[in-house]
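Both complexes shown next keep chain A, but they swap its partner, so chain B is in the first and chain C is in the second.
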Partner chain A sequence: MIKVMSVVPSVESTPDPRELFVIYNRADRIFRRIVTSGALTSLILLGLIGTFLFVRSAQIFNDRGLKFITGSNWTAGSGDGVIPDDFSIGPMLTGTILVSVIALIIAMPLAIGGALYIEFYAASRLRKLLSTMLDLAAAIPSLIFGLWGVVLFTSFGERWSILLNSRFGWVPFIKVQAEVFGRSPFVAGCVLASLITPIITSVSREVFSRTPRDLIDTCYALGSTRWGAIKTVVLPFGRSGVIGGAMLGLGRALGETVAVYLLLNIVFRYNFRILESEGGNIASLIALKFGEATEYELKALVAAGFVLFLLTLVVNMFAATIVEKSTRRK
Partner chain B sequence: METIKKGETKVMQGSQTSVATMSASQTTATAVRGLETKNVHAWFGKHHVLSDVSLQFPERTVTGLIGPSGCGKSTFIRLLNRMHEFIPSAAMAGQVLQDGQDIYSPDVDAAAIRLKVGMVFQKPNPFPAMNIRENVLSGIKLAHLKVADHDSIVENCLTRAGLWKEVKDRLTATGGSLSGGQQQRLCIARSLAVEPSVLLMDEPCSALDPGSTLRIEETIKELAEKIAVVIVTHNMQQAARVSDFCAFFLTDGGPGYLVEADATKKLFTNPTDTRTADYVQGKFG
Partner chain C sequence: MSTVVIEPQSQSLAPQPTMPWKPTRKTQFSGIFSVVVVAIVSLAIVLLTGLAGIDGFGLTFLAVFLGVTVARTARQNPKVRKDSMVGVAICAAAVLAFFPWMSIFLSVILKGARGLQPNFLIENMQLTTPDDELNMGGAAHAIIGSMMMVVIAAVITLPLGILSGVYLTEIRGRLTFLVRFVVQSMSGVPSIVAGLFIYTTFVNFTNSFSGMAGSLALAVLMLPTVARTAEEVMKLVPDDLRSASYALGARQWRTSLMVVLPTVRSGLTTAAILGIARVIGETAPLLLTSLSNNSYVFNPMGGPIGSLPTYIFGLLQIGTENSINRAWTGSLVLMILVLVLFLTARYFGGKDKR
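After this line comes the complex of A and B, so read on.
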């Protein structure tokens, strides 16, 4: 006999939600372990690096406190106490930020423009060639860029510097004290810009190419120009990706050693005039001093590294929040 | 002198063709107010996808393009407002005349043509970064049109698209917050804001539920009181419900071609070609 199910609502109160169980089979379990360990490795590495740097440099922070960050002197003592050790990285920290920001300001318009050209204006054969070249350029070691930049930008950069100075000399941070150009944060920024432009362009192009085709078509169907479609659909769609690419580039610029080492006169004085022939960044400081450092100086260098580590961490977290915010709005 | 001989082009019977006054420089004898194609072909690379289609789309009519998948309907409709050329390696031959003027002639700005010949796509796609009001006005902004009263355009277009009553209190909500059918009507309103004289619709209801489909069909009929509407559809009943004229496309594995074009009533009840009869009765396709 068939029992007909009752459609009368149950008298009892609403039941609690049931607990759901997932059963992983063997292959799934193994794979799960592999990917989990992969994900954990990077996290553990990051933690270990941070801990190592901090432990090795704790003495410096203990001895010197905040002065290590703000001071502007790097003198190795004579060892017998006549000349005391004095280590601090103020100008190098600001120099790191200054050079990177200059690089980013120069690189961003180039990168976005280049990505838009490749994706929306270049003929299809040229597009393939260009995007391949771009990915290759993004993979070139920074040393090569540094060498090339030294040769190219010491002459070009000087001419641009003179031009900038003569037109915008009234702007405080463009003004120079002596009319000596070259080997300035501006020139170093130019080299770093050429170093990070390929990677930002590459990432931006990739994001732009994912713009839904029907949205672009809609713009055209409304009588839009190509620029109109780019402004209305492509740029808003690609915004978070472009920011991500920029941060990738910024991260590279912040940690860049060789190009800056070769290009800048490392001078321990706060300098925000971008055309002045002095500057430096943390990475190049470490490269410069590491070879002949005393034991205590080595600790100071590790401490400088720790500061750089924190700086990149903060920049990346900041970038992540921007990306998240701009994607969440959709 | 080029004249249209009777029987050479498949002129729809009973269409409201009118002879436009010609300027002295033009030599063609007659021109249709609205759209007209003459011996149109289309290729993708070396692949010939559409062969020799001549049709007329006079103003104040709805024309349905029907036929099985892959017979070139969508390619054809994209030829009518020069969207075809955005596909790499796309090529075409023949003429598409808008009020007698060849839209593929070298001195014609394609963007200006697309302003007059609007298009609604298969998938509802309001601009995600804009709210409802901005979506309606987006075409005006994109084409840099000077308009005095934005509010009345928003109201007018949304009313014509049959959406005004539902959204008038939340014009600043994003387009994505609407249902699929509402989004598609928003897209129609967006197309209407630039005042096109022809509206092309590429399967506008295929992603929608029956209720929304019905609303859009009502909208189409109202639009046809002013402009020409061309609609690609796989839904035979829809073609029968909304269109005044129908064109039946087919392919035999080669390029798609036009089998028959006629008043919808005749095409559905008494078609000339047996293949048309088989298709509209649902024997294949």
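After this line comes the complex of A and C, so read on.
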């Protein structure tokens, strides 16, 4: 008679692990208190940023109320009351959102394609190199992107703008009034897109790489093509992570200062035509007006900063929740 | 009772594993060959039709390649055809995603190398105007200022980052989720807001712009990076090590301070370096806190101080040919700094895993 002995011991014979508990003595408690207070610094810091910005700009919100958000002028008064101070950020707020949305729309397909390429198409040696390069690209200062945009990219951007205008001029938000291209929200959006693409790509890649390998292999075993496996397993699995990455990129684009400052004509007028060479965002407004601002105008700038802070905080909290959720499970 | 041990078959009898999905020499060659042919064809189209520039070439290349793919797979299963077309699209997206980065990298090296002469690294701009020839003046003051500010910022941030790392991995108190959440969302605070914050507090209280103010603004931006990296590396410490320490009778504070932290020493170096690399190119907060200066300042409280990003930014605003060339050289130095920091961080980061 042949009997194959089982090597695995039966389940009943393993005892349950003992319940672990810790008794902290005085030194431990002190240690824990010190570490906890250190860890709370970031919490306190975030609170302090909000509080200080709000306190310093309370006068503006008090004076102007909702008009600060909806109005469309930024005029420093003459001081003697002949021309009154008139500060509001309406066009800059819409400009911020416009440029960031353009950037996001351009960056998303590139980032998803790039992430899929690195994870599923590139050879393994190339994959390592590309992901290192990706981390590096995300570390390049935005100032260098701005410099590159001003000196090298603008001519390309202008040509694409002219092409878009002549082919799609009938679309309301593409039509231009003056035939001047360059320094438009579109060009700035393109440069911002190249700035946030590495961020979104690296988050998406991270999420895609967590797709259970056996599910993909099952697809292949059932005769699926590579795209079939990606469409049915990888993309649904990574969807929330990709959205989180997009939110992170959006947050970065909303708060970008120097690249937009260098690439846009900052004009105080509501402008939704993406090829018109005027626009701006809140961050670049602060950088532009800070140097020669009066006391009252400074308060208005701080108020603008507070609005930007709230805007990005909401976007980032949303992103943090999603990314946290989708990368925690293994 | 007898057990049967199945002997592994001898090597010669076992079938050699074949990897049918692996590209053979022939398919690799034909792949490269078709790319070259498509490139030549699209180059010809670009030259003949006047679709100018590298962007026109790229577009034509993509169109021709898609056409070739469609033609090649015309007789096959529609699923296979779709797969190869999507493959082309994904490769194109990947190239486009990496293209700006490569372009920036190359242009900074090519345009910056011209001005990278010894004087750039040892002189300052006190006696030189930005429009002077490139062999006069330099950015030594800016490099020193930048270094000083990031080092002060790192000294402030590192202990706090380590403490929140220890909290998140060792103490795991009630606030773990909240702390992690706040650190995550803080990493998205716009840099100009950090600058405004320090302006409304530190600069207003001390009544002067200074290097210290710049360092504090950079520290605000650095903290999330350092804290997150510290948490990541401490997570990698095996629990066995902690259990062993407890089994030997150590208390929690001794375990954390004398077992866990020494284990991740090089990981913490990585955290600090990544934090520095994250903020060394930040311009916006420095425009509101440390301003800029044309000569050496060694005192962090001694008024406005020069730094590389503000140096480049100032030159760009002047906008003459020589000043823009200087800006490219400044960018090259900045990028080399980031690159070196990054590779050092990689080196230290790789050490822990071994």
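Note that the second predicted complex is superposed on the first by the 277 of 330 C-alpha atoms of A that agree within 3 Å, B and C clash if a C-alpha of one lies under 4 Å from a C-alpha of the other, contacts with A are read in each partner's own complex, and residues count from 1 in each chain.
Just so it is clear, a contact is a pair of C-beta atoms (placed from the backbone, for glycine too) under 8 Å apart; a residue touches a chain by one contact, two chains touch by 3 or more.
Owing to the predicted nature of the structure, the values given are computational and were not obtained by experimental measurement.
Colleague: Check whether A:G169 is in contact with chain B, with chain C, with both or with neither, and answer first, second, both or neither.
Modeller: A:G169 contacts neither chain B nor chain C.
Colleague: What's your read, chain B or chain C touching more residues of chain A?
Modeller: On the superposition, C touches more of the residues of chain A.
Colleague: Quick one: classify A:D28 as touching chain B (first), chain C (second), both or neither.
Modeller: second
Colleague: Touching A:G228, do we find chain B (first), chain C (second), both, or neither?
Modeller: both
Colleague: After lining up the shared chain so the two structures overlap, which partner does A:G79 touch, if you call chain B first and chain C second: first, second, both or neither?
Modeller: So A:G79 meets neither chain B nor chain C here.
Colleague: Would you sort A:G65 into first (chain B), second (chain C), both or neither based on which partner it touches?
Modeller: neither
Colleague: Once chain A of both complexes is superposed, is A:L215 in touch with chain B (first), chain C (second), both, or neither?
Modeller: first
Colleague: Let me check the overlay on chain A: which residues of chain A are in contact with chain B and also with chain C?
Modeller: Common interface on chain A, chain B vs chain C: 225, 228.
Colleague: Can you check the complex and tell me which residues of chain A touch chain B?
Modeller: Touch residues, chain A against chain B: 124, 212, 214-215, 217-225, 228-229, 232-233, 236-237, 329-330.
Colleague: Which of the residues in chain A end up touching chain C in this complex?
Modeller: 1-5, 22, 24-25, 27-28, 30-32, 34-36, 38-43, 45-46, 48-49, 52-53, 56, 109-114, 116-118, 121, 130, 132-133, 135-137, 139-148, 150-153, 156, 159-160, 194, 197-198, 201, 225-228, 248, 251-252, 254-258, 262, 283, 286-287, 290, 301-302, 305, 308-309, 312-313, 315-317, 319-321, 323-324
Colleague: Please output the residues of chain C touching chain A within their complex, sorted ascending.
Modeller: Residues of chain C touching chain A: 1-4, 52-53, 55, 79-80, 82-83, 86-87, 89-94, 96-98, 100-101, 103-104, 107-108, 111, 159-160, 163-164, 166-168, 170-171, 173, 175, 178-194, 196-197, 200-201, 220, 223-224, 227, 246, 251-253, 256-257, 277-278, 280-284, 287-288, 309, 312-313, 316, 324, 327-328, 331, 334-335, 338-339, 342, 346.
Colleague: Please output the residues of chain B touching chain A within their complex, sorted ascending.
Modeller: Residue list for chain B touching chain A: 81, 83, 86, 88, 111-112, 114-115, 118-119, 121-123, 125, 127-129, 138-139, 141-143, 176, 187, 190-191, 194.
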